[in-house]
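Chain nomenclature is as follows: A, B and C, assigned in order of appearance, with residue numbering initiated at 1 for each chain independently.
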Amino acid sequence: MTVQKVIFHIDEISKWKLLLKNVANLLQAIDIEKYNIEVLANSEAVKLYSVNEELDENIDSMKKLNNKGVSFVACNNALMAYHIKKDDLFDFINIVPVGVLELINKQSEGYAYIKP
Amino acid sequence: MTVQKVIFHIDEISKWKLLLKNVANLLQAIDIEKYNIEVLANSEAVKLYSVNEELDENIDSMKKLNNKGVSFVACNNALMAYHIKKDDLFDFINIVPVGVLELINKQSEGYAYIKP
Amino acid sequence: MTVQKVIFHIDEISKWKLLLKNVANLLQAIDIEKYNIEVLANSEAVKLYSVNEELDENIDSMKKLNNKGVSFVACNNALMAYHIKKDDLFDFINIVPVGVLELINKQSEGYAYIKP
């Protein structure tokens, strides 16, 4: 089976609503089994991964998308810059050391790149 | 003949002027016969595809670029979100069901991705 | 030796600080000998390449990254639009005729695309 792969890049908090809507629309159109979908957040965008943001209107959307198979990833440099500890993150968040390196690696593996 | 392919992505109305200038500059430098150039609009950016915007300063640029071979595409989810009907669109606008799926498919076909 | 390649795209002055931080974080994580890293500026972002901006807080970061091997490139159309002459540029800046064509060409050569 050929798997389609896509990485969504976000580095601005204000873009989360749009990004999550984009991903939700995508899921409605595809067979998720045939896709690898990753959301890579760096810079200030990682703040939404913190449990302190649990009342944010976007968190529920994020959790639903994760339950359907979408991977949410944080740049560790950004987490450190905003003093967010690993224990502060929702438990489904994955961490990579350097967000932009993840973007390079995934594209070299054939992932499409989308920046909402 | 090898054909170069590029998809321009826009989801903010405020970026239309810059995007259209980018595409116009590109056309002046290339042999359009050897390029497939697509502009994919989703989110609020689809509003500029409506005939109700015909007085917008960017519409004339868009029409000229289309006459030279540039394809303009709208995300249908975005059209529905902004209550824009197919009959409201300039007649050269193409529609795809899901904009981000178009971005994935085109990149998997070898299109470069540019987000002005 | 396999070389990884990446082109960073910037067209807004306000994004320089974030972009340069992204690139600096990347350099700390990789062996620069195995990477080609290019920063392509078009539109208003080219203004920061002018020696008249030498007091800008980002210039020092830019010079340090260039010393480590990062290439900084300007779109000539943008330079003309902002009346910036070749003699006004820092001497390590390279010029390409059309920024978006550079983005297409590099991606067709296997460069990953990142837009901070």
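Note that contacts are C-beta pairs under 8 Å (C-beta built on N, C-alpha and C of every residue); 3 or more make two chains touch, one makes a residue touch a chain.
Just so it is clear, the structure is predicted and the values come from calculations on it, not from any experiment.
Q: Fit chain A to chain B on CA atoms, both being copies of the same sequence, and give the resulting rotation angle in degrees, nearest 5.
A: 120
Q: Same or different for chain A and chain C, when you check if over half of the residue numbers at their contact belong to both copies?
A: Comparing the two copies, chain A and chain C contact each other through largely different residue numbers, since under half are shared.
Q: Nearest whole angstrom, what separates the Cα centre of chain A from the Cα centre of chain C?
A: Roughly 26 Å, centre to centre.
Q: Residues touching two or more other chains, restricted to chain A: which are they?
A: 113, 115, in rising order.
Q: Given the complex with chain C, which residues does chain A contribute to the contact?
A: 9, 11, 42-43, 75, 77, 97-101, 103-104, 107-108, 113, 115
Q: So in the complex, which bits of chain C are touching chain A?
A: 4, 6, 18, 21-23, 25-26, 28-30, 110, 112-116
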